[in-house]
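Which chain is which? They are A, B and C, in the order written, and residues in each are numbered from 1.
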Amino acid sequence: MSKKIFSGPFLLFIICGTIVPLGVITFYGITDRSGAFTLENITAITTGEHMEALLLALGLALISTVICLVIAFPLGLILKDSKLGKKGFMVFIFILPMWMNFLLRTMAWQVLLERNGIINQVLGLIGLPDLNIINTPTAVVLGMVYDYLPFMILPIYNALIKIDKNVIEAAYDLGAGYRQVLQKIIIPLSVPGIVSGVTMVFVPSLTTFAVSNMLGGGKVNLIGNIIEQEFTASSNWNLGAGLSLVMMIFIVISMAFIEKFDRNGEGNII
Amino acid sequence: MKKTFKGIYLAIIILFLYMPIVTLMVLSFNEGKTMNAWVGFSLKWYKEMFENRIIMEALTNTLTIAFWAATVATIVGVTACIGLNAMKEKHRSVFMGLNNIPLLNADIVTGISLMLSFLLFGISLNYGTVLFAHITFCIPYVILSVMPKFRQLENHTYEAALDLGASPAYAFFKVVLPDIMPGIISGFLLSFTMSVDDFVITHFTRGVGINTISTLIYSQVRVGIRPTLYALSTIIFVAVLIVLIIVNVISNKKEETRHEKN
Amino acid sequence: MALIELLDISKSFEGETVLDEFNLKIKENEFITLLGPSGCGKTTTLRILGGFETPDTGKVLFQGQDITNLAPNKRQINTVFQKYALFPNMNIADNIAFGLKISGKSKEYIKDKVKYALKLVNLNGYEKRSVDSLSGGQQQRIAIARAIVNEPRVLLLDEPLGALDLKLRQEMQYELIRLKNELGITFLYVTHDQEEALTMSDKVVVMNQGYIQQMGTPEEIYNEPENAFVAAFIGDSNIIDGIMMEDRMVKICGQVFPCIDEGFGKKKPVDVVIRPEDIIIGKPGSGILDGVVTSNVFIGVHYEMCIEAGGFEWLAQNTVSYPVGTAVSIDVAPENIQIMNKPQSEDEEALALDE
């Protein structure tokens, strides 16, 4: 008994806020409007429109994640070695946008990318052709990269600075060149950070509907948009819940991924 | 050579990250209504923003929800840590696993599942449901910030206080609490920002009349962005910047004094 | 010819001078120890040799070749790091094989060499173990094995035993001496532990504030400290103000003691060093100075006593116990009195004041 009782309120919130809702969404997902059991809402993912949206979402999320990783890893390396002023300040600069409302940030890109928006005006001034990517998947990927890049930078940077300086020096001492140190020491040791960064970019990119709506102009339909529409426009909650369950499978897979690589809970966002 | 390359790389990313924000900030001072031309410096969009009842209401909602969600989540989270620490390792890891679900789950699933539950149990969506949802997703952040501090804590100091005649409550407030305070503060701040930043979960759990900044922007963007939103983003960005700088300065000072002591 | 020569090395960090025109020669097949308090520049010296720091001025010569700006991975020198620095993502065999794989050795060769290295550090059959599963002492052995498989000409050891407990440390001291003899390579060892330095080294370099204070065999360092810093740093000693009356005569606490030092001049203030075990305790009146025992602690084998005599508190060690309050007299054999010049310049003063 004793002190354990203090976790009571927490338990209550877990049950009411997490476990019951997950049960409810599962219930909706496997029943029809009359409440009878059905798998139709789940198998609905195989229909053309849904499958297309899922594959597009997977594709765009994958591309965004890879771009974020490719940008963030060298950045993490530079920041780790940086002697520019206070290290904390440099990191702060790269993380700061994360604290600003992501809808505002997405909106900013909408303003920049519009047909007669800032970027095209600047391009026009210097005589370059217009950049017409608004309302295309490219704009959506750009938005995802912009919104989620800090989530990749932070865990990778945290993993990199945790690497014992002596370990890297030991590798040089034993004859390794920079490339070998990177391949054999730095990259393997930053895997926990990379994995949590990848998950933290991939999951929101896969499930977003706001970014695709704002920068895709209704023309880029991701699985998140389909689900959201089932709850707002079409009001087929059972179908929306069923598709959500399918999407959760992908989240569970990435959670398993985290569990495997990130046993020590490293690379938290804090 | 290598150094310039690094510098250019950093500069490009900084440009990428800040160009959109700076653009909004500049446009917020533009007298004209469209972004196509710079008409002249003006604060009229700020004036309009402060006079806009909908925006002000959304701002109030956002801040009060964030404040209460962070407060309740902090209290629940800290007490949870006390309880969890008294548990056996096996049980604790089960609870920590459950704690991670809202963190790792997609917001859209969390939002939908909460909405469906509210409606299934006949609770109509309003301010309260949004607040409940926010508390739910904030608690994990508090626990993640506070738990490590608890683990670092010397159990002996609490026991020493008891040994010296303190009651458990007195020992907790005088000995344990000061030690875990940094974790509690960062948990609270993290919860607050997560709550302010949230769109998806609010989107599903809010009723018709309730707006937060996020949901307001989302609905406005569909009908056309007005420059009042640029003014709003400028104010939010500056506010965030100031708060973060203050937090950083305070924690740096603490670091320094700790170093001096050593 | 010396294997390694450090010539006029200076190095400062953020305006603080760590090494000041430092010179050192290291011979082939020598066990040389840099000994000194933290901040004395010993680790910096090691890191300059390993290639992890570049000196501000001065040169590092390896067999007469300038290697000052050579990258660490191009040097025939390997380091055993203070906190082991094993690669946590690799098992023991891969850790040891790291350097060999880099230099492109054959699989067979690597396998044999790893086995041999493990045998050398008494950890046979540990190939597949993970780094985490090893104790501190075992990790230390692996760190040594990982360095020596590459057959370096010089092995640098940065306080390698610092994190181990006393018993393990003593064991490892003997291991290191054995390894050094078996491998026949030069060991450059850094420590702040005088016992380690005296036990293992052929040559000890006592350092303080970026300067060499004294260089010599362990016996020379212990028996004939050149200045008060060395005397205070190596073992316990009584350091007393004295006046050199004439050759072979020093006045301490108002009494003249015969000694064997010459050439200090007449009426010259000096520092006098007397080791506690060299103080002869006798009945009052039998020695040179009379006094009273003020404390007495048994420290195993002998008793450590403080004797108040002639206005100075003498630290003395003896196998016979004289209880507190006993009136005694003290005497010192002339050859056990070590006379040192008083520090002259402010610089030297600063050196002596440290510790």
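Operating definition for what follows: a contact is a pair of C-beta atoms (placed from the backbone, for glycine too) under 8 Å apart; a residue touches a chain by one contact, two chains touch by 3 or more.
No experiment lies behind these values; they were computed from the predicted model shown.
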Assign the assembly's chain-to-chain touch graph to one of these shapes: line, ring, star, complete, other.
line
Ranked by contact pairs, first place goes to A-B
With chain centres defined as C-alpha means, what is the inter-centre distance between subunit A and subunit C in Å?
55
Could you grab the centroid distance between subunit A and subunit B? Build each centroid from C-alpha atoms only and quote it in angstrom.
17
Residues of subunit A that touch at least two other chains are none
Do you know which subunit C residues sit against two or more other chains?
none
What residues on subunit B touch subunit A, complex-wise?
6, 9-10, 13-14, 16-21, 23-24, 27, 35-36, 75-77, 79-80, 82-87, 95, 98-99, 101-102, 104-110, 112-117, 120, 132-133, 135-137, 139, 141, 143-145, 186, 190, 193, 196-197, 199-200, 204, 213-214, 217-218, 221, 225, 229, 232-233, 236-237, 240-241, 244, 248, 252
Touch list for subunit A against partner subunit C, complex
164, 166-167, 169-177, 180, 184-185, 188-189
Of subunit C, residues touching subunit A in the complex:
50-52, 71-74, 77-79, 81-89, 98-99, 102-103, 143, 146-147, 150
Can you tell me which positions in subunit A touch subunit B when the two form their complex?
2-11, 13-14, 16-22, 24-25, 28, 71, 74-75, 78, 88, 90, 92-94, 96-97, 99-105, 107-112, 116-118, 121, 146, 149, 199, 203-204, 206-210, 214, 224, 227-228, 231, 237, 240-241, 244, 247-248, 251, 254-255, 258, 268, 270
